[in-house]
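Shared between the two complexes below is subunit A, which pairs with subunit B and subunit C, respectively.
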Partner chain A sequence: MNDVSVLVQRDCLGGDRIVELKLPRAVALPDLDRVDGVVTRVVLSELPRPFFKLDVPGRFLLTGIIGDPRIRVTVRLSVRDRAVPTAIDVARSLLAGP
Partner chain B sequence: MAIREQEVVAAVAGLQIVGNEEGLIPAFGLYLTRHYADYYNRISFACYHRAEREGPAARDRARAALIRAGEVCAFNTFGGIMLSQEWEAVVAPMIESREDWAHGMVAVVNALGWGKWRVDRLVPGEELAISIANSYESTGYLADHPERSDGGVCFLATGGASGIMNLLYNGDITTRPALTPQYFEQVFSTAGRFVARETACRANGAPRCELITTRS
Partner chain C sequence: MTELNVHLDHAATGLPRHPDAVDAAARAAHMATPGRGRHGAQAAAAHVVRTARESVRGLVGAGTVCFTAGATHALNQAIAGMRPRPRAVAVDPMAHNAVRRPLLALGVPIWILPHDESGRVDLGAACAEWEPVDLVVVTHASNVTGLVQPAAEIIDIASKRGARAIVDAAQTAGLLPLGGLGGAAAIAFSSHKALRGLPGSGALVLGHGVDVEPLVTGGTGADAIEAAMPAELPERLEAGTPNLPGIASFGAAARAAPAARWDWERASAQLRESIARAGGRCVGAGELPVVAFELDGFSATEVEEILDRSFGITVRAGLHCSPSAHETLGTIGRGTVRASAGATTMADDLAALEAALRAIARAAKS
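Now for the complex of A and B:
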């Protein structure tokens, strides 16, 4: 998992709850199925660049574009102190497939 | 112009931008607020009216401060939106020129419930003229106060308009800069920065609010 890199960690409220990562490969649609606890899943496949949004209440919101290796993880307050490890765990689940 | 505004508005509406259980709205790499327009309006107009009673100097300082608040909002919100994945997915594929960034941003604004903005004129690097059919600031003003004889009241929109030009032509949002306080000062406080003025306002009886942005 060393090839997952943190691009930026910040948020517009002066905190650091938004973590942007670059994965070693582009996100594919089946990757989204491997994220646990998703309550709201939005995939706008009709857009020129398909945007996705997976919400896991109490933990994080994951967003990104299918076909792009960059993802954004916005963590909830309860895991604020573990923002980067949480984001990397999310990346790990996305990449866990074949 | 390559930006297809109706497609942008429809796509942003499809993003399902809603609040979570924390009361926050994470979208565009930001935290948005779903704000009662009257709440902002009444606070800003009370501030402005109080300053007007103090005299022209206080009035001018209040106006400048309220517009500056709009520029701070534009820097973080418009800047954040133009750096976001949502922008990359929805707007970026339509962009063919730097000017399209301005048209794209206005299209996104038109999905946010701020009133219907229209770019009337954009001279690259020189001037932006925007008019608004139903700005929430002028609407809120007329709901609570009689029509004014002078002085527009669309402070946040004024700061937003100059924000677009400063992000595009005084700074360069297309190079994906970090939106730091230092970058804000560089882009919004240097000589030659863009300044907007409201040349017509519905609160003064005009049919549309008109914002002209040029270099200072």
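Now for the complex of A and C:
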């Protein structure tokens, strides 16, 4: 999993922390099923490049584009001290499939 | 980002750069350091600086132009360096952090000028409730909503009460005439926004007799034996090697400004109408084509991300380095999206934004 690269880290509104990562391959729709604890799942499949949003309350919000290797993990305030490890865990869960 | 690239973040930086500004920077990149030595090479570079200084001065019409690294540098220099030191200050509610942070660092009482819900200063209330301040800092136009403050009137009120005024003209230089602000002690702006010069250059234009202590000291190319910086402007505030390509670019952009005039009022109206027609909710009020807005069902950062990555449209989400403005607008906890047009914005760009916002809203409902 060393080929997941952290592109950007920055603070966000209200104390959340945004971590942007590049995965070794593009995100595919089935990848979204592998993320645990998702309460809200939105896929805007009608857009020119489909946008997705997975919310795991209290931990993170995962957003990105289907077909694109870059993802954005907005790590919530309560776990922001572990922002990068949390984001990398999210990336690993996305990529855990075939 | 997709292949399409619609730049609607002109409040942050004006793209594409003005071709004259790029050409001037490219030529200056190969020149010597002005004011260092007596040789012909430095004289040619010094000529570029002199010409640029006159061109930038032309935007204001008076005062001494001191080149800086940008509007932020210029505002810090003016606020922290103003002598005598201010004992109490006033500021409008739409201030950028380039004003707010140096003001807070002064450690003196800060009075927020009375204003309406959009952040526009209420001149009548300001007169009636005037606090004993000796410095007023005015945001000529908000970088969040495009609201233009009645800066000339505020300067006049301050002047009649013995207070000096500093104007943050970062959003208006090259767009609005600055000549009416001549009563200000200092006016600060940068090269890279409406003027579309290169980033990394700004100006602090000081009124006659204004005393500003330099924040940075060092070489000026003259009076090297002296312990203190020279008393004369602009040398007093220009220690170190000047950013010649940036200054040359700034001058060229300033010279091009009159010819580059565009109907920004129309662009502003069209931008606001496009966003509203697409279901966006504009926040606050303003005159310049800088619009803060929200889209139901999405956070500001989500809208920014979708516009960028699905449609290739560049806008900016968050607090826009102006928590004061967002506090005033009631959006401090969530921020807004900001779309801002410039002289190079075409009708097709606004149509693309409107279509994208419609598509996002439609997709969210399906």
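One rule holds in what follows: the second predicted complex is superposed on the first by the 93 of 98 C-alpha atoms of A that agree within 3 Å, B and C clash if a C-alpha of one lies under 4 Å from a C-alpha of the other, contacts with A are read in each partner's own complex, and residues count from 1 in each chain.
As a convention for this text, a contact is a pair of C-beta atoms (placed from the backbone, for glycine too) under 8 Å apart; a residue touches a chain by one contact, two chains touch by 3 or more.
Keep in mind it's a predicted model, so treat the numbers as computed, not measured.
In the superposed three-chain model, the partner touching more residues of subunit A is B, compared with the other of subunit B and subunit C.
Of the two partner chains placed around the shared chain by superposition, subunit B and subunit C are both touched by A:Leu47. When the shared chain is aligned, subunit B and subunit C each come close enough to touch A:Ile65. Once the two complexes are overlaid on the shared chain, A:Arg76 sits against subunit B while remaining clear of subunit C.
When the shared chain is aligned, subunit B comes close enough to touch A:Pro57, but subunit C does not.
Applying the stated touch rule to the two superposed structures, the overlap between the subunit B and subunit C interfaces on subunit A comprises residues 12-13, 18, 42, 44, 47-51, 53, 63-65, 68, 70, 72, 74. By the touch criterion stated above, subunit C contacts subunit A in their complex at residues 2, 301-302, 305-306, 309-311, 318-319, 333-335, 359-360, 362-364, 366.
For subunit A in complex with subunit B, the touching residues are 8, 11-13, 18, 20, 40, 42, 44, 47-51, 53, 55, 57-58, 61, 63-65, 68, 70, 72, 74, 76-77. By the touch rule above, subunit B contacts subunit A in their complex via residues 11, 14-16, 20-22, 26, 29-31, 76, 80, 85-86, 88-90, 92-94, 178-179.
Within the complex, the subunit A residues that touch subunit C are 12-14, 18, 42, 44-51, 53, 63-65, 68, 70, 72, 74.
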